[in-house]
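Chains: A, B and C, in written order; residue numbering restarts at 1 for each.
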Amino acid sequence: MMFDFSTIQFVDVIEFIGTFAFAISGIRLASAKKFDLFGAFVVGFVTAVGGGTLRDLLFGVIPFWMDNPIYLWCTLFSLIFVIIFHNHLIRLDSAFFAFDSIGLGLFVVVGAEKALNFGFDPWVAVIMGTITGSVGGVIRDVLINEIPLIFRKEIYALACVIGGLVFVALYKHSSLNLVIIEISTAAVVILVRFLAVKYHLSLPILRGEPKHNLPH
Amino acid sequence: MMFDFSTIQFVDVIEFIGTFAFAISGIRLASAKKFDLFGAFVVGFVTAVGGGTLRDLLFGVIPFWMDNPIYLWCTLFSLIFVIIFHNHLIRLDSAFFAFDSIGLGLFVVVGAEKALNFGFDPWVAVIMGTITGSVGGVIRDVLINEIPLIFRKEIYALACVIGGLVFVALYKHSSLNLVIIEISTAAVVILVRFLAVKYHLSLPILRGEPKHNLPH
Amino acid sequence: MMFDFSTIQFVDVIEFIGTFAFAISGIRLASAKKFDLFGAFVVGFVTAVGGGTLRDLLFGVIPFWMDNPIYLWCTLFSLIFVIIFHNHLIRLDSAFFAFDSIGLGLFVVVGAEKALNFGFDPWVAVIMGTITGSVGGVIRDVLINEIPLIFRKEIYALACVIGGLVFVALYKHSSLNLVIIEISTAAVVILVRFLAVKYHLSLPILRGEPKHNLPH
């Protein structure tokens, strides 16, 4: 039952879609910065697996992608896709956005669930869902030498936090089936992300102090 | 005796003060870069716990903050503090400086002591004290896309190194009580930091080579 | 036989040369950015040990440099070397290039071999060889707030990948002596690197999309 074949296949498809979308975003931003093919590949890979890698390092376990070369192949597929459809990517932007959001939903679920399975407190699970979903993009932006976008635009990371809270609440306080909880969580993440982009919702910005006020 | 209640409380207060000061510095610099509230929160948290997290990853143990939500609450408190006292922060700068230095002293002690407790060599303890005290600020500066300040200004990291050396020397070669050693170490860190800022002491800068000389 | 003294000494010399060359590159770039002496030391050290540190964290083992202070001493030696020979470094550039390439060859071998010894798949060994050889330079460039050079210039990381593939192929499918495999791998890395620089070989760059096309 745990290894119901159709479920695994479905999750695998979702995970491939998410990895693909994350890798595509890394590859496109890297190529805008004149990275070579190898550099674009690395940035794509790190965008896709960076969040889960930090999560697994914090848990003290071997990072997930070292067990299965699928993430590497998926990144290679993404690179070839960008090379071939280079001039048509913009027309695919809403598809990428959908894939990216689906991937985000899944990554949050995987991160939060792994934390609870390891016996960590619910608040750790929320953080781990958020790290899994958002740190890949942060590393991507550091590598291309830009300020991480998630700290400034739209409600990306907050969608992870909300998803993590939903997952933990349902997992601890409902009698729902795990698959239902997973799908509900991912749906909440996708919905928050969709609404944030559609209505240009963003968190308030702290008014900056004058520069000469700043610490150090 | 190991768990003397009044000592723990005192250390807890110090740790809260240090975490608060480190988080404040992250939040203020993030808000100067127009990070949203969530981004400022993340940068504050990473500034406060980043050094100890890298230390614990290097030791192969679960990072300290995953056991106790206090660091998260402390960062939230810091964020609210910055929001409320936004216009008055500059007047508090000497208080922040004092808190930051006290926190630095404690972080160095915690890092060096943990290394010795794990059986590492004294020189590893000095590095771990320095990492615990300074890496949070380095990650903060990478995230806000600035060159890390500690590599350029004042004797910040060197205060950690000196503190680490004092701790190791007293721990290995004196018969002093551990609490005395801890307090002496923290005092040395605070004193070095204070003198460096007061007298604008800084390490010499390597004269740069002309750009066309540079490797790669 | 495993601990043949002359072999160990030879590897030690190679490792010292590689560490020295990597540290020198970090120190020179840091000093060009006006880092103070301590900052230059840290950047040199991180350039030299950063790749192996990430590799060991991914493997879940204590980073190699925590067992042996030689890497610290070697970085200090590099710093003193840069201070003393400051005005003559450019004349030594071909020596540095040779040392850097030798070090790169060794680092790839060490990373790939460690992965196979831990029982990981061959493709993980290729990645670990590449990480060991190239991540130190990536962290260096992040710390000095530049876009990592290996993503843009010459065939640096690809030399690691090719070396890793050679190592894995010979290790798995030949009956050659391990030392021969190690030397052949390092030679391939050095040769690829040498040819790439001599003939200005580089990977193609993905044509960037117009900025308004980009994700997020």
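What we mean here is this: contacts are C-beta pairs under 8 Å (C-beta built on N, C-alpha and C of every residue); 3 or more make two chains touch, one makes a residue touch a chain.
As the structure is a prediction and not an experimental result, all values here were calculated from the model.
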Graph class of chain-chain contacts, one of line, ring, star, complete, other: complete
Rotation in the CA alignment of chain B with chain C, degrees, nearest 5: 120
Chain centre separation in whole Å, for chain B relative to chain A (CA means): 30
Residues of chain C whose C-beta touches two or more other chains: 57, 60, 142, 145, 153
Chain B - residues contacting chain C, complex: 57-60, 120-121, 123-124, 127, 138, 142, 145-148, 150-153, 157-158, 161, 202-209, 211, 213-216
Interface residues, chain A side, partner chain C - complex: 24-25, 27-40, 42-43, 53, 57, 60-63, 66, 69, 72, 82-83, 86, 89-90, 93, 96, 100, 142-145, 149, 153-154
